[in-house]
Amino acid sequence: MIPSDETPEVTAEGGHGAVPTTGVPTGAIEKGQGVKRRDWPLYEVFVRGKRGLNHVHVGSLHAADAEMALHNARDLYTRRNEGVSIWVVKAEDITASSPAEKDPFFAPSGDKVYRHPTFYAIPEEVPHL
Amino acid sequence: MSPHEVHQGEHDATNAYQSLSETTEHDDPRWAFGTGFEDVEAEISAPVPEGTDPADLAAYCQMLGDDALIYSQRLSEWVANAPELEEEVALANTALDLLGQARVLLSRAGHVEGRGRGEDAFAYLRDQAGFRNIALAEQSDDLDFARCIARLLIFSTWRLALLHRLLGSADPVIAAVAGKGVKELTYHRDYAARWALRLGDGTEESHRRMQAGLEWAWPYVEELFRTSDEERRLVEAGVAVDPAGTREEFDAVLAQVLEQATLARPEVAPVGTIGGRSGRQGIHTERLGHVLAEMQSVAREHPGATW
Amino acid sequence: MTATDERSHHAFEDEFQATIDADQRIEPRDWMPEAYRKTLIRQIAQHAHSEIIGMQPEGNWISRAPSLRRKAILLAKVQDEAGHGMYLYAAAETLGVDREELTEKLIESKQKYSSIFNYPTLTYADVGVIGWLVDGAAICNQVPLCRCSYGPYARAMVRICKEESFHQRQGYELLLAMVNGTPEQKAMVQESVNRWWWPSLMMFGPADGDSPNTQQSMAWNIKRHTNDELRQRFVDMTVPQAAALGVTLPDPDLRWNSERQAHDFGEPDWSEFKAVITGAGPTNAQRVAHRRRAHENGAWVREAARAYADKQAAKKQEAV
């Protein structure tokens, strides 16, 4: 917490602007220390915008199960466009290679594959994305 | 520069500054999403089908339109109140779909009536007795998600059955709304049914709450299948469907969902009528007055304003 | 740490900086300095919180929107903001935090959101002015973020910027309609501009001299322009738009400086800014309490969905 008699450092970044940058916990350190994961699992979403194209990774979302993930993906990533095909995959089920085969060394974030890149650029043909 | 490059330049996603210099003359398709207008605008001014009383048709468009408008108004109360961000998006989408249906139907009512009233005149300048929606639409669920799902399941199952039968309506606007609406309502019903399963067969608490949600909504079910005089006459003209004819489908769908969700069909008395009149005749519950007071407040505060 | 570890650590650091210097993107599984990761988590989380909290001031007017078209637009806009929040939380999750944890930090007031959302929306003109000024200022901040060094954040921003430009347009279009409406409507717009102008300028943060973190963020290509540069750009962009609307920006010192080829303008009230930032703004408590209520009221629903998914999975297991 920021004591009210002190002036916090502030950044203009973070989109809508001025937010403090000091005295703000990130959650990065405490992670995994006996905290029971209570939120819905993360799913990665792949969309085929139209016939003839590959499914392309468009992002991720949370859902209790795969059906809910499909439903939510249609709402969020395709604006319910008919005719598109969607895959959802539980992020923790993805096995990924590591950049430049450096796996043994990069302990900080290389432990879990589910921290997978999101928001790939997608072809212009994909509607409303 | 090739035309293709010019095209790409115009759609440079990173150059959001462009936006202000671009025209705002007509609705961008992005904003028309959920309003339904782009599909049926041309048909709103279509002639009244032969053998149809324009007053009956205008009344019927208000019935279907008011159900959607008032329920959309209630659903949008969930904005910034949903149990998870994913549900924020889903509930707002549903409210937008219904609002879109309402706008087309009320515009059609205005055209058929021929007194120069547009969608906003219907939404903002009618008094309570002018609204023809069913009581289920106007109730407050008090932001109880179980009630929200119970009502959505009931409403979408019923409306989907209606719209299915209206695909062949002799009125081209109603048929067009049904065409788009069937897809939308299929989606709403699917969403509600899946949540009914999760809540009914989730935890003890969610089961209890979901059952209570059903008990809350159930007294308003019977009205859905009551046929008004206008509807009866329009059925003969091939414009409307008799809501009583959707009861069987409704019961079958609900039975299937409730059984799988380990929920019991409520045994509660329906809310009564006044001299046989209810929502379709402009006789409402006490809740509608509050809905309208809120919805119409700004519009009525500024007569003659343009928005 | 052994000598070998030490050497490879330096090698990683060099490679990281080389990637940044070549204006390439850092991706989630790349090695990155802990400070870079923490800076990003904090920034992306605060950005995500701003989107979610930002739904409240505008959501306040959905039920009362004065035309059905305006209602549909506002509903779609606020829904977009939920979507933006989801994109951003997902980007933060690539850095090793969970959305649930971040939400907890928000409702415990341990993480912040943009100060602008601690002001109330008092008339329907505020819906337009938020679109025009607040989303306009956000766009100034966000467009450079589309080239931010962290890949998932940059990609989320491309999507968000696209939609934000619609948000700004709808706001400006509403204001145009209002200033061309009744005299009361025009007065309503001016009154709203008077309230939102200074808070909008404060969205860019304090003057560069009081913003010590800027340098490191710029070295990491997280930040591309200083606070004052962005504020100047916003003012220069907004002045002709205000003229087109026929509204006055409430700053007696605002004038064109032909020498600088830019507008001179007055100093925001930084003491008000500090009060809002430290929790004493007009609606800080209300916004956080609202978010907490929604989250806590939804706990049983999220729990039920998990329980149901577990039961279904167990059934599938049995069937095999």
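Structure notes:
Letters A, B and C mark the chains as written, and numbering starts fresh at 1 in each.
Going forward, a contact is a pair of C-beta atoms (placed from the backbone, for glycine too) under 8 Å apart; a residue touches a chain by one contact, two chains touch by 3 or more.
None of the values given here were measured: they were computed from a predicted structure.
With respect to subunit C, maximal separation of chain centres occurs for B (centres as means of Cα atoms). Ranking A-B and B-C by contacting C-beta pairs places B-C first. Centroid to centroid, with C-alpha atoms defining each point, subunit A and subunit C lie 17 Å apart. Subunit B and subunit C have CA centres that are 32 Å apart.
For subunit C, the set of residues touching two or more other chains reads 83, 86, 142, 158-159, 302, 305-306, 308-309. Among the residues of subunit A, those in touch with two or more other chains are 40, 61-62, 64, 68, 76.
Contact with two or more other chains is made by residues 30, 33, 84-86, 89, 93, 198 of subunit B.
Per the touch definition, subunit A reaches subunit B in the complex via residues 40, 61-64, 67-68, 71-72, 75-76, 79-80, 82, 124, 128.
Subunit C contributes residues 8, 12, 27-32, 34, 37-38, 41-47, 50-51, 54, 83, 86-88, 90-91, 93-102, 105, 109-117, 134, 137-138, 141-142, 145, 151-152, 155-160, 202-206, 211-214, 217, 222-223, 227, 230-231, 273-274, 277-280, 302, 305-306, 308-309, 312-313 to its touches with subunit A in the complex. Considering their complex, residues 13-20, 22, 24, 27-28, 30-31, 33-35, 69, 73, 76-77, 79-89, 92-93, 95-96, 99-100, 102-103, 106, 119-120, 123-124, 143, 145, 197-199, 201-203, 205-206, 209, 294-295, 297-299, 302, 304-307 of subunit B touch subunit C.
Interface residues of subunit A, counted against subunit C in their complex, comprise 1-2, 4, 7-21, 24-28, 30-31, 35, 37-40, 42, 59-62, 64-65, 68, 76, 96, 98-99, 102, 105-106, 108-110, 112, 115-121, 129.
Listing the residues of subunit B that touch subunit A in their complex gives 11, 30, 33, 84-86, 89-90, 93, 183, 187, 190-191, 194, 198.
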